[in-house]
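One structure follows; several queries about it will come next.
So that you can tell them apart, the chains are marked A, B, C and D in the order they are listed, and the count of residues begins at 1 in each.
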Amino acid sequence: MVDEPTQQEAIRAAAEAVADRLEDEKEYLTELDSAIGDADHGSNLARGFRAAADAVADDEESTPEELVKKIGVTLISKVGGASGPLYGGSIMSASQTFEEGVTAESSVAFAEAYLDKVKDRGDAQLGAKTMVDALTPAVHTFKKSIEVDELPPLTAFAKATAAAERGVEYTVPIRAQKGRASYLGWRSVGHQDPGATSTWFIMQELLEVADD
Amino acid sequence: MVDEPTQQEAIRAAAEAVADRLEDEKEYLTELDSAIGDADHGSNLARGFRAAADAVADDEESTPEELVKKIGVTLISKVGGASGPLYGGSIMSASQTFEEGVTAESSVAFAEAYLDKVKDRGDAQLGAKTMVDALTPAVHTFKKSIEVDELPPLTAFAKATAAAERGVEYTVPIRAQKGRASYLGWRSVGHQDPGATSTWFIMQELLEVADD
Amino acid sequence: MKKLINDSEAVVDEMLDGMLAAYPEQLRRLDDTEVMVRADAPVSGKVGIVSGGGSGHEPTHAGFIGDGMLDGAAAGEVFTSPTADQLNDMIEACDSGEGVLCVVKNYEGDVMNFETAGEMAAMEDIEVRQVVVNDDVAVEDSLYTSGRRGVAGTIFVHKVAGAKAAEGAELDEVERVANKMIDNVATMGVALTSCVTPDKGEPTFDLPDDEIELGIGIHGEPGTERVDMMSADEITDHLTEKVLEDLDLDEGQEILTLVNGMGGTPQSELFILNRRLQEVVSDHGLETWDAWVGDYMTSLDMMGASITVAAVDEELKELLSADADTPALTV
Amino acid sequence: MKKLINDSEAVVDEMLDGMLAAYPEQLRRLDDTEVMVRADAPVSGKVGIVSGGGSGHEPTHAGFIGDGMLDGAAAGEVFTSPTADQLNDMIEACDSGEGVLCVVKNYEGDVMNFETAGEMAAMEDIEVRQVVVNDDVAVEDSLYTSGRRGVAGTIFVHKVAGAKAAEGAELDEVERVANKMIDNVATMGVALTSCVTPDKGEPTFDLPDDEIELGIGIHGEPGTERVDMMSADEITDHLTEKVLEDLDLDEGQEILTLVNGMGGTPQSELFILNRRLQEVVSDHGLETWDAWVGDYMTSLDMMGASITVAAVDEELKELLSADADTPALTV
């Protein structure tokens, strides 16, 4: 377990990296959302994560748990749409798993709590062509790598990120059952889910930051 | 002077020929009107002259004067816009020059009366970039060819039609002072006036019919 | 270009029938014409107020038929003045014996056809007056033009004349207030895209993605000037300055403003213009008495807007805020 | 693509300011939010009626604030549900102690954010109810979708709930009539063109000149089916049949119809649809009690329209024709 101040710095750096990445991917994500949604996923997330990164940037006081919670709360009030409550609300509510700081164990707990909350709020099962399809393999892989295979956290998270990518690809050939894409019926087949994609991008950035 | 029934036939044939021609030129005239007006001159005239031709098609009773008047009245009630009162009203009011039938002399009188009425109603002088610019040289040439040069009517009308073409070309390089084109100010320079063009087309058809 | 129509030649006829189906109790269509009148026309004891012009400007003209505004509206073909015989039918149907005021927009076609109609009606002993609206400041009124065009400011003239007639005023008085409104209103417009007429089926003019037309009319005519695309604020500043220059108002003058959409402009954009317009007029020391925003005088599907400013005094304010009950405007 | 905007990120903010400048006496904007409420909110003794959703549907939502309709409307970013905290601010500002009814369109974003807001407001002891409008018959309500969308029929729900609340009815009663309206309304839409969001600046989807999208929503989503261009009558027939199939009404049933424009459609075309719509419903033996035509629930500059049919009984008719005084609708 690293020092607490270092954990906060890592969280701030991660928030910053995610915000930068989503700004870079804004047009691409919106492009994906144009095909089967309403062309706003990129700007929703770019706007929200920029605000979240700003919200924690100068916060030298808060504990890791408080910082993560702040990120969630900021997302709730800045993103809107479906992804606002899903990303923001789930981060906010899962943040309490970091009560004792960020460890391999608490990270697994966070991942599970986050997935549960997304599924709970959005009521989407696996295969509904949503962010849940990227999230589920990622969380399952992460948990197994740490708890069963006892891999180092970084390796475990790298495997989890690769699993998320597999999930993103899995969303392409299936028919949507939730979210705006579901309105398209069969026409949603052949398109990649924006929310699954952004989930994977975020994991990539977390991996980068953890690697440093 | 030809027989009265033949005159009526000629008038009906002329109306039919003009209607056909304007239908053929509908898109071209509207194209011209798009550049400096409101993109309706072609359909205005095609609609109006078709109705006028139909109105006289089966009329075996009327005198030449009455037939021409009927054409004018029909144009008034079917064309609308600026060209409706100009074409229709002027034909209607000039029709009385045919009281004694269509002769070379009465045709000159008709042409003069028609030009006067157009200028009177539209208040456009020569060079204002309107139908008056095609009409004036045509009427002047026709009158001189008949009255001074004593040319045969057909030759005179052919010269008049050629003069109208000169007038059409003259409208291109000048700035509009009347009609919708005048709203464009200097931007009207370089475009051909639709009403002058339709005037010339109509004369071409009258010439054809007279030639038969 | 696609349109929700059946046949370009039936557009006006079917539109009028559809309008009648929406307002069967308020409107009546004169047989065999494109003329719409109040269901209860002529209203006895009241001066008739009529208008008309080419179609394609909806809700103008028939949308303003009703208590406190128009008694009749004649619809020509798209962007083409109605014919004189139909205008005459309208005038006859709206005359209760008190005379009829024709509100005409200054286009040669409209003016000539209304004049002819007026002459025809006069032969039937109907007292007819014409007022000619020419609020468009884009076109200079000079020997070298056929005068300024009538555009969105016409709505205010309908309102004022309609309210005065509803009060029971005589034709002279109704004509006077209409002309007073005309003398105090100015407008200028901008187009981001050309409109597409049903007949032509293609844009009337080409406008690249980085250019706009300033000083457009309402018939898809190109404007007086083509310039590079600007921000909403810059456009508003430009239009408003031209309008205010023309009106030349004293500080403290009360005004009524109108941001009018050309048909294809999202309402959100009209409000963005209104926000700036109110800043500009207030910077000029003018007092906004009321601000209207919406699609009042359109050009089919054109994207763009016009800005109208009218100086108002107590009399005009009273008439402008008097009750009106029409499909397109309820006051 | 050109737009009359200054900055795609400021569209909602500047639009709301421009709206406020147009209706300063009727509206009030809550500080630091995109929430608009009645100037006199909360109206004491009255249940509050609030709505909201993404922007880009103007005049929905804030255009329907006023006597007899909404007390508050929250504007999200373009096509993006407002955030829960702002929805909560709105609910608080519109509660006079009698509770607040939220009229929510069935989109997961809207529903989730309103739910969160409702929970927040409940913690402040405000009684909050949600009704969810899902009138779009294009989307089947099945296990395999997130349910039918809420579209233009929402306007009727605003009207009915607003009228009931204005009568002084209690929250239960207001909720009941809102749900009654929801149970009796169905809509289906068509797009001729995609809309262009300020953010993306390009059409959300490509639609060739000879094809249209049937079963579109109001967020520039593609529809459920792409078909060859049809005439206005064929389109009307198709949409109306789907709507009537869903409602499955008895002969002689009285109905209220709405032909709603998507923002870029000339009003003339809406009337052309209405003409045919009335023929079709009458062929089905239905009795049109009233027919509305206009831009009520738009998708920015999209060309297209939706057709809504609602079965009405004496209670609904009374509420639908009760007085209302809002920027976009006066009854």
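Note that a contact is a pair of C-beta atoms (placed from the backbone, for glycine too) under 8 Å apart; a residue touches a chain by one contact, two chains touch by 3 or more.
Quick caveat, the model's predicted, so the values are computed rather than measured.
The minimal number of chain-to-chain contact steps leading from subunit B to subunit D is 2.
Taking the mean of the C-alpha atoms as each chain's centre, subunit A and subunit D sit 32 Å apart.
Centroids of subunit A and subunit B (each the mean of its C-alpha atoms) stand 75 Å apart.
One inter-chain figure worth recording: subunit C and subunit D are separated by 29 Å, centre to centre, where each centre is the mean of the chain's CA atoms. By the definition given earlier, chain contacts exist for A-D, B-C, C-D.
Within the complex formed with subunit C, the subunit D residues making contact are 1-7, 11-12, 14-19, 21-22, 55-56, 58-59, 63, 192-193, 209-210, 212, 229, 231-233, 235, 263-278, 288, 291-293, 295, 298, 300-301, 303-305, 330. Those residues of subunit C that touch subunit B in the shared complex are 9, 54, 76-86, 107-109, 112-113, 116, 138-140, 143-146, 149, 197, 199-200, 204-205, 217, 219-222, 224.
Subunit A meets subunit D in the complex at residues 30, 34-40, 43-44, 47, 76-86, 89, 121-122, 175, 177-180, 182-185, 187.
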